Structures are given as structure tokens and as C-alpha cells.
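Scrolling down, you'll hit the structures one after another.
Heads up, the next two complexes both have chain A, just with different partners, chain B and then chain C.
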Partner chain A sequence: MAALTPTATPAAPAPAAPRKARDGGAARARRRPRVWRGAVLFLAGLYFLVPLLSSFVFTVRIPGQGLTFDAYTGILSAEGFTESLLLSLGLAAATILLALLLTVPALVAVRLGAPRLAPLVEIVCMLPLVVPPIALVTGVTTVLRWGPDHLSRTPLYQTFLAVQNESFPVVLVLAYTVLALPFVYRSLDAGLRAIDVPTLVEAARNCGASRPYVILRVILPNLRSSLAGASFLTLALVLGEFTIASLLGFRPFAVWIVTVSGAEARMSVAVSLLSLLITWALLLVLSRAGTRASSAAAPAPPAASAPSTAPAPAASSVSGKE
Partner chain B sequence: MTAPTPTVSTPPVVGAADGSRRRRRAPRVWLGALPLLVFAGLCFGLPVGALLYGAVTRDDPATGGTALTGEHLQRSLQGPYLTSLIGSVELSALTAVIGTVLGMLIAQAVVTSRGTVLRNGVLTASGVLANFGGIPLAFAFVATLGISGVVTQLGHLDDLGWNLYSFTGLTIIYLYFLVPLMVLVSVPALDGLRPQWREAAQNAGATSWQFWRHVGLPVLAPSLLGGFVLLFGSAFAAHATAAALVGGSVPLVTLKIADALSGNVLVGQENVALALSLDMIVIAGLVMAVYLPLQRRSTRWLH
Partner chain C sequence: MSSTSTATAERPERATATGALVEFRGLRRAFGATVALDGLDLTARPGELLALLGPSGCGKTTALRVLAGFEQPDAGEVLVDGEDITRVPANRRDAGMVFQSYSLFPHLNARDNVAFGLRVRKVSAAERRARAAELLDLVGLPQHGDRFPHQMSGGQQQRVALARALALRPRVLLLDEPLSALDAKVRLTLREEIRRLQLSLGITTIFVTHDQEEALSMADRVAVLNAGRLEQCAPPAELYERPATPFVAEFVGAMNRLPGRLTDGGLVEVAGAELPVDGEIPAEREVEVLIRPENILATADPAGTATVVSASFFGSVTRVLLDLPGGGSVKSDVPSRDAGALTPGVRATVAPARRPVLVVPAAGKGA
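Coming up: the complex of A and B.
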């Protein structure tokens, strides 16, 4: 998250000036931290790079046979790869859409005219943090079991079946939206905190803009970087999600990697590496989009878009929890 | 909502019009939050309610009735289930402690360095790696430190008794996403330590150690504890990595729940799975109850 937002950078040069003055006097005191810093960063780099490098070596080198890129070239033609990836991407798109459609109006409404709802909305959005995915899925299976057990003669039963449709399991979208709520909420809340919503809305309304127009053309453009952040976190969450999908018996991307690992260990590692690279690329694209948007979003005062990050970093990890 | 909008048709009585408008508008604005609340009630409240209900009741096959019972919860706190709960808590606590310390060290190294390139690089990398959990992470480590992993082969680690599919192995893997998470959490906190405080301490003759002991760490304590709690929660809830990796060789509560749910054990274990889930929610709830006030406090101090 911190990477998505431009705040971190401007903050950096500030402390440098006083330090420079101080360091001039105490050159000896400075050397020790530098060695210490180098050692810490070197060891950290080692720990984080070695698994990536050796995964790559693992995928291209067959002991005794030399180098081969079969693991990568075979991915596209591997059975089930395209379907599972498309399923995951579709689920991700639906989840992002649903999560934003639910949270944006709620948060804007809270800021515009219903401040008394603010604590309730916050609690509702943060509660899923307390329920680990595996606990949520036990609850979901219990509810789904009611379908055949108690409701088989009621029209609700059809809904239960439709929600569990193999080709596009809506139940996963609903569960993922629940999991994504805390992260989406924090990202949007930080973004909204940085802009003065009531003033913007009043200004636009005084100029004769309609309410939907205000939301679409004034509020949302100012939120672009937090919307991008929320979407990225949700995308990462859905693409990496394994627990709920596998226990409910569906086969999106992460579940497919595990299924294929038995027969094609090399390929499963190759796909894992690729998924990391894709995440990285997405993050870069989104942070680019976020910074460009915040400089292009003219209606907001320029200072407004900067502090958007401060409370956000805690929300940064999603799929790590998996 | 202080300024009335110019659509009011009776300009002379501005005050009255404003008041009546506000009264009429309030419910409509409130409606914006309604879909979210309904959704949360249906898709979050319903499953969690079902979980609670199933954890404390028992279906009597003879009479067809349902009775309150503590037996599932009791069973979830006995024997192998208790072992798995303790194993999960131990693993989470250990990884959270190590992750907090290492994450702080790296964050401090980044914050005190002058290059913005290094800083941005580390922050972006942390953002990506903190999200690099689950299945892909497990396979990356299998390729690195697994039985036929590259590093294992190069260093002949298996001769030394190395085993990735163990408590130590899981610790090393979990740190791979916990440390970046801690870096992300603590960089803003360390940025909030004003250089003036350090200068003031130095002018007063304090050593570096004294500065950290009496100024730095107390100010950072809420963020540090908050970070620890966050890492604990992440490690505690983690399932996919362990599932892909160790199967059943390390007792973890998430693995036990998954086993019970997918019917790998005796029939009738579903309720124990529900009770175990309830145990997890209670532990995670306690952890979050510590975290949220701490986070509020740290944001108050550091901004």
C-alpha cells in the first residue's frame, strides 16, 4: 500500500537536512550505523532473493539434463490452466465491483449526512478481520447445507443451487467480498479523509450539478488512487485465495496450482513465480495510475491527495493470511 | 450539509426550508449505507451465526430436536485439537516476535538511509511480498529448501537433518510474508519519530541507547505492539501455505478444521470443526481487541 501512494517519497528528504548537519560533527558515530544498515539490508536481500532465484533455477534446470524452458512453455497448454485462470480473473472482477459498489456509497453517505452511522459501518467492515477465512468457510458450508436439508421444497432452494453454479460460483464472490471489506474500507476511508467531501459536494451542487454527477465526476476522481489501491488488494486476495475455494470444491487458479503440483512439480513452481511477477507488474501499474491520477485530479486542493496513505499500511497484506 | 442547496423554491424562509429539507434528506442519504449493511448481514452475519449455532447445539437423531450443548467446544479443547490450537498459537507468536524485530530493523535501515531509490524499492517490494502468501509461496520454498530444492541440494542440508516440512520450516516460510508486512507497518511509525527529539536527547547528553530506551521505544511501543498483533493474526489465520506444504505433520488448527470439514476424519466431526472455528474467532477477536485501540493511539501520537 505504501508503494501505491506518493506520500512516502516527499517525507524522505525532510529528516535528511538536520541529520546532515549533525553528522558533519560526528563522523565516527556515523560509520557504525552505516555498517549496521548495510548488514541488515544485505541479509534481508539474501533472505528474500534466494527463494526467488532458486525457484527459477529449479524450473529451468533438470539435474543431469541441462537447461530447459519446458515448464514455462507448457503452461499455456496445460490442462485446466486457462479455465482456472479465467475463473479467478472473473471472480476478481466481480468481487472488486461488488466491494466498491457496496462500500463507496456507504462511506460517502456516512460523510455526507449520516455521521451517526460511521461507527456501525466501520465495525461492519472491520469485523471480517476477526473471522479467519477457514472459520468463515465452515460457517458458509453450514449455511449451504441447509439448502438440501431444510429448504428443498421452497423457491429459496433454486437460489442455493444458482449460487453454487460450477461455471461461476457466486458464493465465492460473496465470500471474497466479505474478506476484502476491511482492506477496501481502510483504503477508501484514508482516501476520503484526505478530501473534504461535504465542501466538494456543496461546491458542485451550488454550481448546479446533480447528485449522481457529483459522485461520479467529483468524488470518484478524487478517490482514484485509493480506488486503485483497494482494487489491487482485492485482486491479490482473490487470485491467491485457496482456503475457501478448495473447501467448497471449486477450482480457481490457486487450487489448480496445487492439483497440478503432483504430476508437474516444475510447472507448479513456474506458475507460482509467474503469479508473483504478475502481482508485481499490477502493483507497479496501479501505483503509476495512482500517482498520475492524484496529480491530474484537478478539483482537489493539491495537498489533499498527499496524506492519503497514513493509516493504510496495516491493510497492506491480504493473501499472506491465506 | 450546512449550506442549503439553491433548489429550494421558497427563498424568503431560508431557515425553515433548510430545516425541513434536512429532515427529509437524512433518510435518503442514510440509504447509501443500506446495501452494505444488508450484504454484511446476509453474507457475513448468517454464516457466522450458523457457525455459533452449530458449535453450541446438537441434533438429536432420535427425536429430531436440537439441544444446547457444550460438548463440541469441550471436545475442541481436548486431545489432538488442543494440541493443534497450541501449535497454531506457538507458531504465530514465534513468527510474530521474529517478524516484528526483523521488520523494525529493516524499516529503520530504510528510514535512516538517504537514497529515495532504496526506500521506494524496499517499500514496493514489501507491498508485493506481503501479498505473496498462500500456495505460490509454499511452492517457491519447496523449490528452494524442499527435499529436492536447489539450496538443499547445493548445501547438502538434508545431511544436516534439515526438514522444511516442520515447525522450523514453517517459521522460515511465514516470515517471508510477515517481515515485509511489518516493514510496511513500521516505516510510517519510524518516519513519525521527529529528528528534533533525537537532537534534544543528544543535547541533553543522552547516548543512543538512552534515546531509544526512554524516547524512541516508548513512542513506538503502540505501533510495535500493533504490528506484532497484526502479524500474529496473519500467521494464525494462515492455512493455504501450511496445507500445501506440511499436510498433517505439523499440528495447526487451520489444518484440523479443513480435515474435519472435508470429511477426512470420522463422520459427525462437522460440529467440532465449527467449535474449533469458534475457538479461532475468540482468539483472533482478543487479538484484534488489543490491536484497534493501539492503532488509534499510535496514529494520535505520530501525526
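Coming up: the complex of A and C.
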């Protein structure tokens, strides 16, 4: 997250300043610090790469039989792989959509109309960070159990059933939206901080633009990279989420991996590695979309490279579960 | 232009060229306990550049924002060419505005920024391009169409903002301290250019500033605001020479406050001289007299009672600060070629020039 927030801002104000600072830093760091930088990089690389490499070796080397890629070739034909992956991607898309639809209007409105509410909105959005998923899922379970008992004679009963539909559990989207709120909020907040929303809105209004036009044509284009940031954090979160889905009895990708690991240890690790690659690939696509859009608009802000490292812990939590 | 022509149809006697008549009538606006506008009455004549000048919090920006439609007055109305626009939403006001902070859209280049309003109005792409090029030419940035805001200097950004404000051929141009974020040199050139542009377009312009030099040098008339009310609205020279109120006298230009005593016959005795009194005569006899530094004559004189404290060189004049024998001090602007002898520590005589002066009660408001 910390790595994301500064880069997600379209570097509109004084783009020369950071460049200058970087140059100055390089000049100072010419001799000894370069060694230190290398050492730190090496250690960090070790920390990330050793588990990955070990996992990879584990999947391809069977003691006594030599190298085999069966674990990988078997994945596609494995029962439930495609469905669970597609389910996870669908959930991620829905969560991104819902989270953005909730936060973007709210944050813009707070900046324009009620700056005093900003701390309240921040607290509400950051709250899910301190509520552990296990507490959330307990609450959700209670509600799901309580609802049908009391609402069995009302149309709401059908709603409760629909929300828990196996093929697309809306309840997971709702829960994930709550979990994603802090990340989406932080990313958007950083983006909004970089632009002077009230002045831009007034300038656009002065040019004859209606309010919806201002939001669509002025505010959103300037938030592109932070919207992309919010999206890929949410994507990483949803692809790696295990606790809630598992306890509610659904089977998206992370849950499927854990299920498979019981029978096929090798394959489950292979899938974990693969999911890591898939996540990275998707993040790359998203961040590319973000930067290309913003580079088409303002050819400066380098938003792509750094954030791709941020979701790594979230994605690798899948493999960490085993 | 269409808007102007409709206005012409309604009030043919008023719409000269493109300039519109702007009237504020009894504007009142409070933000909680602070009263920003307290019954402001003010008129900008067609085609003139009217500066709103005042200390921060005097309501000048609020007045401009009410005219732009970003602020609703609690009472009173705004008229453009006699037409009440108080309830018209900001995006249909027909007033181009340049903001204090850089307000260009960061995701658009200069050309698209200028053409933004035309795009909102669904003007064809070719026409937009042509008009944007014409306007960028007008503000002296014909080569900068492809630049993005972050690739331009502050002065260039404000020029583009000016072009954007003019793109829809508004009836009124609103400038909200557009130069305050720029450095001194750019500020000087840009203010001359804004004035040149305003004169050539003949557009009614309202210019908010807290910089009196800016207001006095650019405007046809300057309206001095204080605490949400109009103190005086007059051409710059009149404002300086004949301030209507003590507030204006002290806010515009430098001013000395000297203790004086009213004598019978409408004169005031100050620093050993008797001067005619201008304006209101207070009931008390003990008064303070307002005299500009250039109307204080200081000459080096070993027998003098005043002492030079400091001398600051301002080019053609040198401002000398002197301590008076009875306590207090006085500023005097001396032509620099005569100021050589007035070095700190030197004795000098001080005499006010024989001109009418403003007086205020001795315990007068310490504005």
C-alpha cells in the first residue's frame, strides 16, 4: 500500500521536483550506499525468491524419478479449476465495480460539498482493516442464518437465497467490497489529493459543463491511475481471499487450491505458482491500462512499475495457506 | 456572440460593443458568524476594468464568486445588462473566469483546455481547433498547443487559463487574483498584457486583488471593499488623491498618522503647520491627521528637532523614517537626489506640504 500511494498520484504538481530529488540522491549515493542498496535488494530478493524457487522445484522434481511437468499439465484438466478461477475473476470484477461505485461519488462529494465529513468517511473506509475477516464472516453467517427464519414469509426470503447462489455468491461480493474499502479509499484519496477538485469543478462549470459532465470528463480522467491502482489491489485481494469464502462454503480459486492440496500436494503448489503468475499478469494489464491512459493524457506519471510489487504478499498468501 | 445580441435586443441603450453592464445590488452573504458581504452595491460599466481591492476577508472574492454563480447570496441580486442572473446556475452564466490557483485540466493539453467549453457546447472539432489556435495566439502562446499544464510555467498556465476563459466569448471576464501565484517579473508583464487584451476586446472585466499597485495600475476604476461593504469606488488617481474615508486613505498608498489639534476656522494644527481640513470634521479637538509621505518635506538641518532613523532607496525617491521630538515617527518621501544628507542619526526639520488633509478622531479606529 505504502508503495502504491505515492505512485498512484498523477504527478501533476511540479513534476520536475521528484526528478531533481532523484538525481541528487543518485549523486550522493554514488559510492558506498550503492553497495548497501545491492545488499538490501539481494536480501529482499532472497526473501521472495527462495520460497518461490523451492515451490517450483517441489512441483517438478519427484525424488527418484527426475523432472516431470505432470503437476502443471494436469492443472487444466483438474476438476473444478476452470470454474473456481472464473468464479474468482467474476467476483473480483463485481467487487471492483461495486467498490468504485461506492467510493468515487462519495469521495468526490465529500471534497466538494462537505469537507468536514472527510475524517468520518476515512474512518468508515479504514475500519475493515481493524476488523479481522473472521469477525466479518461470523457476522455475515449470523445474518444469513437469522434472515430466513424471520423473513420466510416476505419477498426478502428470495433475496437471501439469491445472495447465496452457488454459481455467483453475491454475498461474497458484498463482503469483499467491505474488505477492499481501505485499499480503494487510500488509492483514490491519493489521486484526489493530487488534483484541486473544487477548483477544477468550478473551472469546468465556468466553461458551461453540467455536473455529471464535470465528473465524467474532468474528475475521472484525472483519477485514471489511482482508479487502476484501486482496481488491482482489489483484484489481488479477491483472488487470494480464503477465510470468508471457505467459511461460507463457497469454492472460489483460493478455496479450491486448498481443497486440492489434500489430494494432490504437488498440483496445489503448482496452481499456487500459476495463480501468482496469473495475478501478476492481470496486474500488469491493469497497470498498463492505467499508465497508457494517463500517458495518453499526461505523458509523465510513472505509475506502472512500483505497484506490481505491492500485491505480491496478498497473492502469495494463497501459497502461504498450505 | 449570440448572448450579446439578445442582450442588445432587450437593452439596446446599454450594450456597447461586447461590454456588459454588471450591477451588484444589496448583496449579503454570511458564512456562519463571518459576514463576507454586508449589503454591497456596486456597478461595473460596460467595457471597463473594475478592480475590487481590499484586505483579505473583505468580501471581494465572495462578490466575484457570487457573480460567477459559485456562491449564492443570502440577499440581494446580481444583474448583467439589467437581467437578474442571481438564480442562474454557474454553467449558464456567460462569464469567463481565471482562478487564483492553477486551474487548467491536468489531463488536457493547452489546446484542449482552451477548447473545453466549446466541446461542452458541441462545437465541431475543426471549429474548436481554429478557435483554440486563435486564442492561444491572442495570449502569446501559439506554439504551446500541445503542452500539458505540468509542462508549462505558472505564467504560461495563467495565459492559457485566460484564453480558456475567453473561448466562449463571455459577456464578463472575472479575474480572481490571477497573478498572485506568479513571481514579480512575470506578474508585471502579464498584467500589462491582460490590460491590453481587455482594452482591445472591450470586455467588462472584474479583477479581484489585494495588491493595490496592481489595482491602481490596471483598472479604470478601483472599488475598495472593507468588511463586506464598499468604501469607495473611483478612478485610481482620485482614490489616491482624494480618499473618501480614512480606511481608503490608509489602505491605498502609504500614510502617516500624526497627532494634531483642530483650530477654529476649519484648520488643523500639525507638526508646526496649520492645514485646511478635507472631508468630515470630527467633534473632538484632539485629532490624528493623515498625510502621505510625499507631502512631508524633510530637510537636513542641525537645528532641527527630528532625527533620521532610516532611509530606504526606492529608485526615484528615498523613503526616510524620522523620529519626532514628541514621540512617534513619520515617513517622508524625498527625491533621491536630495536625500544624500539624510543619513541615519542626522537632525532634520519636518514640515507638511500645504494641502488639504483628512483628519480622524484621536482614538480613531486603528485600521
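The rule we apply is simple: the second predicted complex is superposed on the first by the 236 of 322 C-alpha atoms of A that agree within 3 Å, B and C clash if a C-alpha of one lies under 4 Å from a C-alpha of the other, contacts with A are read in each partner's own complex, and residues count from 1 in each chain.
Note that in this section a residue touches a chain if its C-beta (ideal position, glycine included) is under 8 Å from a C-beta of that chain, and two chains touch if they have at least 3 such contacts.
Worth saying up front: this structure is predicted, and the values here are computed from it rather than measured.
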Which of chain B and chain C A:Asn206 touches, first, second, both or neither: both
Touched partner set for A:Gly66, first chain B, second chain C, both or neither: neither
Greater residue coverage of chain A in the superposed arrangement, chain B or chain C: B
Partner chain in contact with A:Asn222 - chain B first, chain C second, else both or neither: second
First, second, both or neither for A:Ile195, with chain B first and chain C second: second
Touching partner for A:Phe242 - first (chain B), second (chain C), both, neither: first
Chain B/chain C common contact set on chain A: 11-13, 15, 202, 205-206
Chain C-touching residues of chain A, taken from the complex the two chains share: 10-15, 195-196, 199-200, 202-210, 213, 218, 221-222, 224, 294, 297-300
Of chain A, residues touching chain B in the complex: 1-4, 8-9, 11-13, 15-16, 18-19, 22, 33, 36-37, 40-41, 44, 47-48, 50-52, 54-55, 57-59, 63, 101-103, 105-106, 108-110, 112-114, 117, 120-121, 124-143, 146, 174-175, 177-178, 181, 198, 202, 205-206, 233, 236, 240-243, 246-247, 254, 257-258, 261, 265, 268-269, 271-273, 275-276, 279-280, 283-284, 287, 309-311, 313-314, 316-322
Partner chain A, residues of chain B touching it in the complex: 1-3, 5-6, 25-26, 29-33, 35-37, 39-40, 43-44, 46-51, 54, 102, 105-106, 108-110, 112-114, 116, 118-120, 122-137, 139-145, 149-151, 153, 175-181, 184-185, 187-188, 191, 195-196, 199, 202, 226, 230, 233-234, 236-241, 243-244, 254, 257-258, 261-262, 270, 273-274, 277-278, 280-281, 284-285, 288, 292, 295, 299, 303
Chain A-facing residues of chain C, complex: 68-70, 89-93, 95-97, 99, 101-108, 116-117, 120-121, 148-150, 161, 164-165, 167-168
